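Worksheet: the structure to be examined is printed underneath.
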């Protein structure tokens, strides 16, 4: 048993890193979908914007990283706000129109980024201080990924606590469960919506900045990240932060440990897992009840 | 004939004339773009059947499109150059694939169904890239011979003739779908879209009809795939990827969900924007497509064909003369 | 139109009840929405189920129709145990319901709404060939039902464009077009004006005698104008089943509705 564990330890750690990265991406999508019933297909584009910011601004120094983070945060908030505003006039028109609009916006944004950065995948280096490898139980492992796990875990914990424990989180959870009821209580749900949209977008962009050394920016990456986020959201259940976290960690392991164990079936693992969950529990593993 | 019917017949006549004149008016590249638009229109009709008529939006029809394309290509390479044979085998392959995967898909409705179809599409895409022996893997399948229409005659290499071949099949498909929509099964599907619970309360086994629609759509998408293989003479995994599925769904939305001629028009618009106008902006076609979709959503809330539906609800008297609401 | 009513003769003569529920229960966790309810509906009767809010009437209806699985107990249709049958299977056997909140096919015309029921009855709902518009028999049958419900002049209008009263009528038309042996009407007069309700009362009175009608209703005027048997539910349990006069006079019923001493105003003979 320990032999197997030892051999696959690196994959599992990788899986945690990957999973936490997916969580930062998926949680915003899950909340927006669960709350506003809005299908935002431009979500992957937000990640891409953050990742490109990291590529362009982070020059190996801490300052560069901080600047990239700040830019990513701003881009995320602004992007999220713009998306929320763009989708607002479509109130009540259903998922298809939202999908068409957000997909259209993502096509435009992605193409603009290609025009700025070219059509190649741009491997992004982490800050020099975190650039090396370290020995972990007899395996060498990139320092940055460990650092990322630490940061992302803290971030995930903060998001989780805010959602489950704070009064703002309670408001958000109530709006997910029954938007009309919350509105009837006198709360301007539009502000809540915009807030969550902006927050989720900012998280995705920041995730892009921090995650660029793991998933590097390039054409088509936005689509890949979007599909991964959708799978996590579907597995975890719409509108559930806990679901997004556990779903992301599960998919993280599937994409790393799973691939290491059965490489010939690698492309099918992701969707196979999703189909399995949907076949057993179509509403996702942790879907909160909708009133 | 009422004024409405005269207008309609004139319009249909004009469109038919225009379509027939294409190879005489335009150059080879434009004609080939028209061909691709026709193929995409058939795929869009399959997507619309599920999305607009049965009320089950889908991102997975590209998988059956791919099945049909590869099946048609393999028939051409290894067995027969006859168009009819390729079309029949491809459609059957699509039907079989849909029968095998459909029961899983229809377990869900709405978002669950959408995601399952997305998964099916992506799995199909991955499979195409990996089954090297059969599909040529990521390099794709070439060596498809020019399609032969009449036994004994030459294969079609002229862009104009290929266009006509595709046009005939596409028109037949359009008419076939029209028959389906006016039939009791078509009414059943619209009932499924509007109120599945009520349909069950009236005695329908709704899952059976959802599956029926799914299988029909799979066969239709595969038919389009065979046309693709014959006209492009090259099939690759990218032809059944997420982009194709998304573009097909977007074409349906732009054209007006539920309307078949709208779906065809939307498909033509997408293909022309991407291939024809995309050339003008030196390869930044996605930019134009994105602008197209954003504009369509804001300016045409019900799609290109949506205006017609609004016209109908304004003048119910014009409908009383006919008893079924045609959505073709 | 009622060619396929099973055991019509025996049922009307007072033999096997059209619908019987035996110890029927539906629990949601600790909430006993319906608990051990037992009563029978005589074939050919007009049987109303009434009770204060929260009595479990709608849940009972859903259980009888098969839209909700029972936690315990049985449902019998003409003597056959249908408890394990799904909703569509019960509908095929002649047990058809209408919905409390209008549940129609809004994008289709009134005629098409009825046609959906008619084509199912004829078994052609899966046929992908001949256009519906060319099937004279189906169209004629649909128009006949529409005529009975006074909706023929609105046949070509989209269901979404109909007035509230017309929609409620269409609800009944769709159910009637399946040629049911048992018709479940779930608060058919909900939201109707007094004039509409009166018109509706005439429609219910005019329904074929072979069709057993079971209705849930709050409007007690309608109930006592139409029903020959009344069942009262209270807090998910069966209270009493009997003739209207009997039920009206029952103190237990009056207590359930008002929980108060002076109940003389509750069941007036003549409405306002």
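To keep things simple, chains are lettered A, B and C as they appear, and every chain counts its residues starting from 1.
Just so it is clear, a residue touches a chain if its C-beta (ideal position, glycine included) is under 8 Å from a C-beta of that chain, and two chains touch if they have at least 3 such contacts.
In this text the structure is predicted, and so the values were computed from the model without any measurement.
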Remotest chain, chain A as reference, centres from CA atoms: C
Innermost chain, where centres are averages of C-alpha coordinates: B
For chain B paired with chain C, centre-to-centre distance based on mean C-alpha positions, whole Å: 43
Separation of mean Cα positions, chain C and chain A [Å, integer]: 50
Centroid distance [mean C-alpha coordinates] between chain B and chain A, Å: 33
Complex contact set, residues of chain B against chain A: 51, 57, 104, 107-108, 111-112, 114-116, 118-120, 122-123, 126-127, 129-130, 242-243, 246, 249-250, 253-254, 257, 284, 286-287, 289-294, 296-298, 301
Interfacial residue positions of chain A with respect to chain B in the complex: 39, 89-90, 93, 95-97, 99-101, 103-112, 114-115, 223, 227, 230-231, 234, 238, 267-268, 270-272, 274-275, 278-279, 282-283
Residue ranges of chain C in contact with chain B within the complex: 65, 67, 86-88, 91-92, 96-97, 99, 103-109, 111-112, 115-117, 119-121, 124-133, 135, 138-139, 155-158, 161, 174-175, 178
Touching residues on chain B, where the partner in the complex is chain C: 179-180, 182-188, 190-191, 193-195, 197-206, 208-209, 212, 216, 313, 316-317, 319-320, 322-325
